[in-house]
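Okay, so chain A shows up in both of these, paired with chain B first and chain C after.
Coming up: the complex of A and B.
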């Protein structure tokens, strides 16, 4: 089967798969960003056990392959009495992974701020949480836009782990296997999905760059 | 003695604005502050001078607890400096601090830099805070820059904004840690002039600086530090013209040399 034939037969499924990939990416990314802020706050707070816990979280989820994480969530959690829908499993695995990397991005954003501004904040009487909210987090967010853009693309690609569980509808990568068990599309089957990923990544990159130019902090 | 010096307050019985009693501080094995005893009267201008590494910054920073101390006592207006929490934040709000590297908030406008403390710490309504901030920026000569961000200003302008930011909190006293040493020579005076005005206005000031002309014009007292101790203190003219210790003489020779 050539590309046009594939598209004629499976076009609707491809679109649905693209929407599934987009939806899982968007949901995972939004949750992961919120979680990354929380983890980062833990990692810089004055309470040592929280700092340790935050660092531990990042070390664990940054250093584990997405697919392993998914397998653990799908096959191990039910033994603990927690059975989640497959789609939720994929999102959870992606969130854990992406939030760990996201926190690393925020940490390097924080490191660009410099202790001087934090001391200045404290010396006008701002407390810990005010200093975080007014000085540290806004700057960390703004200087993390580019790495976070890359991470959004990584998040998009990570949702491909969804091909390893029976999602319905499948996402872009899962659909490739689905079609290839029925027809002999070969590389062309993959090509259409790949276009979906590349197109999305280009849009994410474009938007990220625009945002960065707008919020970048002059130094 | 020059006529510009304000009177200070060596009045018997008056509570000093800042008092350090037997303050000790280590960084690991390094003994940076050794039995520091110091009183700064209300309205007094104290200049701290001494070789690099002698503990001047550390001493300055202990006064608003940017550095903790190992032992001893620090009293602000007669009250012990709180160790942490809201009380410490409140105490810091009453002590201005101006750093060598300005440390303006890079992501906020000049105006926001000055209004942040009053709005967030003191709960002043925004409009009111902005009006007083503009008046302060006017006073330090950078009102036209209010809408810019710090990186768009020269070093001298940034340092004057930093002073305005401290003043916006109506501090009881202000510390300056080498406020002009990161500046190009042509910008030093514009900052020193603002500080002279402050001193004349009766502000209590602790100023770490090697600017002798500034010290002679406005300091009530000069303290010479070396190796974590206060080696010598006296009026600027006494100290600069007739230092009593060998260390102070050597040090003054070395800074007069260039």
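Coming up: the complex of A and C.
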């Protein structure tokens, strides 16, 4: 199948798939970031059970394979009395995975600040919330820009697990399998989807680098 | 990392006074109860839906079950090892091309690296599974899973290696040049041996990504851990328990690899590049 014929037949579906991938990435990333902040707060708070729970959450979801998690959510949870629509399943799996890595990024952002600065903040009379608000959080956010950019790209790539469940409309990876199980689409079917991913990743990387250059702290 | 993390965590707070200590204690008790309640609710949900009944779990006491899972695990290891080896070699070659001064080498290498980093490994798997056979090329299911996983990792590894090369002090290269060494000799005798030492912890932690990527092996029906688990499920009709066990196995294996990376990184004093 030539590329023009392919585009004439499936062009609309490719656009829809790209939009689906974008939508799932954006939604998952935003929720995951909020969750990552919450998990990180749990991990640094003085209440021990919350710390342990936060650490446990991160260890579980950064070490489980995405496909494995998705399969559990799609096929095992209904047996436990929780059935979610396929699209929600994909988003939930992505959120769980990405938020664990996001919390790790925040933690290493906090760790780069150094104990000396916090001691300095305390010695000039700043209270706990002031130390957090004026010293810790601004610096942690700034040094987390680049890792979070990479995480956004990882989030984009993670949504490809959506190809393992019958989504309608399918996302970019699922569409390649959809087309090629119906016709012999050839290498172009793959390249169009790949272009969608690589292009999006480049844009995310470009924006992230611009932000990072503006806010980076040179040490 | 955890030792440093703990100290940083604790540095955030002043030593608590009696009032705060009481408040923390109350918070701890409440949080403890809530966590216990959460665990209880999950277990209850398992119980209520009948998933704790022995018929779902008893076959895990049979050695044949574990032998079958072990076979699957070996399959996973085989794919991960070969894919890891491919990505090491290819990543190194890509990095050497990327850092070369020849435009003819470094531009294509850049494109290839960006491509493999920007494409999900699942898409590459579908490429080898659905597209490649259309051109009359026959591959075994082993290579249909190993090649895409290896290729996807090579793009990331190329960047990891590059970070390692950049970590070698510039003065050493200049010193070698002033001794009259040829560029290739500088790369292989001075830069690479140190760069590789710098990235060993990062390479170990990247291996986790490879292991995770191998889980899509069931797409090409290669008998890896997850695929064998699916066979078990259709034999015993025990979906929840089997996936639960498989997930725990993956988590433990990857956790151990991550620990190894952190240990090596701490022992050699080299940071893990993400």
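Just so it is clear, the second predicted complex is superposed on the first by the 205 of 219 C-alpha atoms of A that agree within 3 Å, B and C clash if a C-alpha of one lies under 4 Å from a C-alpha of the other, contacts with A are read in each partner's own complex, and residues count from 1 in each chain.
Quick note on the criterion: contacts are C-beta pairs under 8 Å (C-beta built on N, C-alpha and C of every residue); 3 or more make two chains touch, one makes a residue touch a chain.
As the structure is a computational prediction, the values presented were derived from the model and not from experiment.
**Q** Kindly classify A:130 by the partners it touches after superposition: chain B alone (first), chain C alone (second), both, or neither?
**A** Only chain B; A:130 stays clear of chain C.
**Q** Between chain B (first) and chain C (second), which, if any, makes contact with A:87: first, second, both or neither?
**A** So A:87 meets neither chain B nor chain C here.
**Q** Have a look and say if chain B or chain C is in touch with more residues of chain A.
**A** With both complexes superposed on chain A, more residues of chain A are touched by C.
**Q** Counting only touches as set out at the top, which of chain B and chain C does A:122 meet: first, second, both, neither?
**A** In the superposition, A:122 contacts both chain B and chain C.
**Q** Does chain B (first) or chain C (second) touch A:142, or do both, or does neither?
**A** So A:142 only meets chain B here.
**Q** Can you pull the chain A residues that chain B and chain C both touch?
**A** Residues 113, 119, 122 of chain A touch both chain B and chain C.
**Q** How about chain C: which of its residues touch chain A in the complex?
**A** Touch list, chain C to chain A: 1, 4-5, 7-9, 11-14, 16, 24, 27-28, 31-32, 34-35, 45-46, 48-49, 51, 114-115, 117-123, 126-127, 130-131, 134-135, 208, 211-213, 215-216, 219, 226, 239-240, 243-244, 246-247, 250-255, 258, 274.
**Q** Enumerate the contact residues on chain A facing chain B in the complex.
**A** Chain A residues touching chain B: 113-114, 116-117, 119-127, 130, 134-135, 138-139, 142, 217-219.
**Q** Using the touch definition up top, name the residues of chain A that touch chain C in the complex.
**A** 43-44, 46-53, 59-60, 62-69, 71-72, 75-76, 79-81, 107, 110-111, 113, 115, 118-119, 122, 128, 131-132, 136, 147, 150, 153, 157-158, 160-161, 163-164, 172-173, 176-177, 180-181, 184-187, 189-190, 193-194, 197-198, 200-202
**Q** Could you please specify the touching residues of chain B with respect to chain A in the complex?
**A** Residues 64, 66, 86, 89-90, 92-97, 99, 101-107, 116-117, 120-121, 149-152, 162, 165-166, 169.
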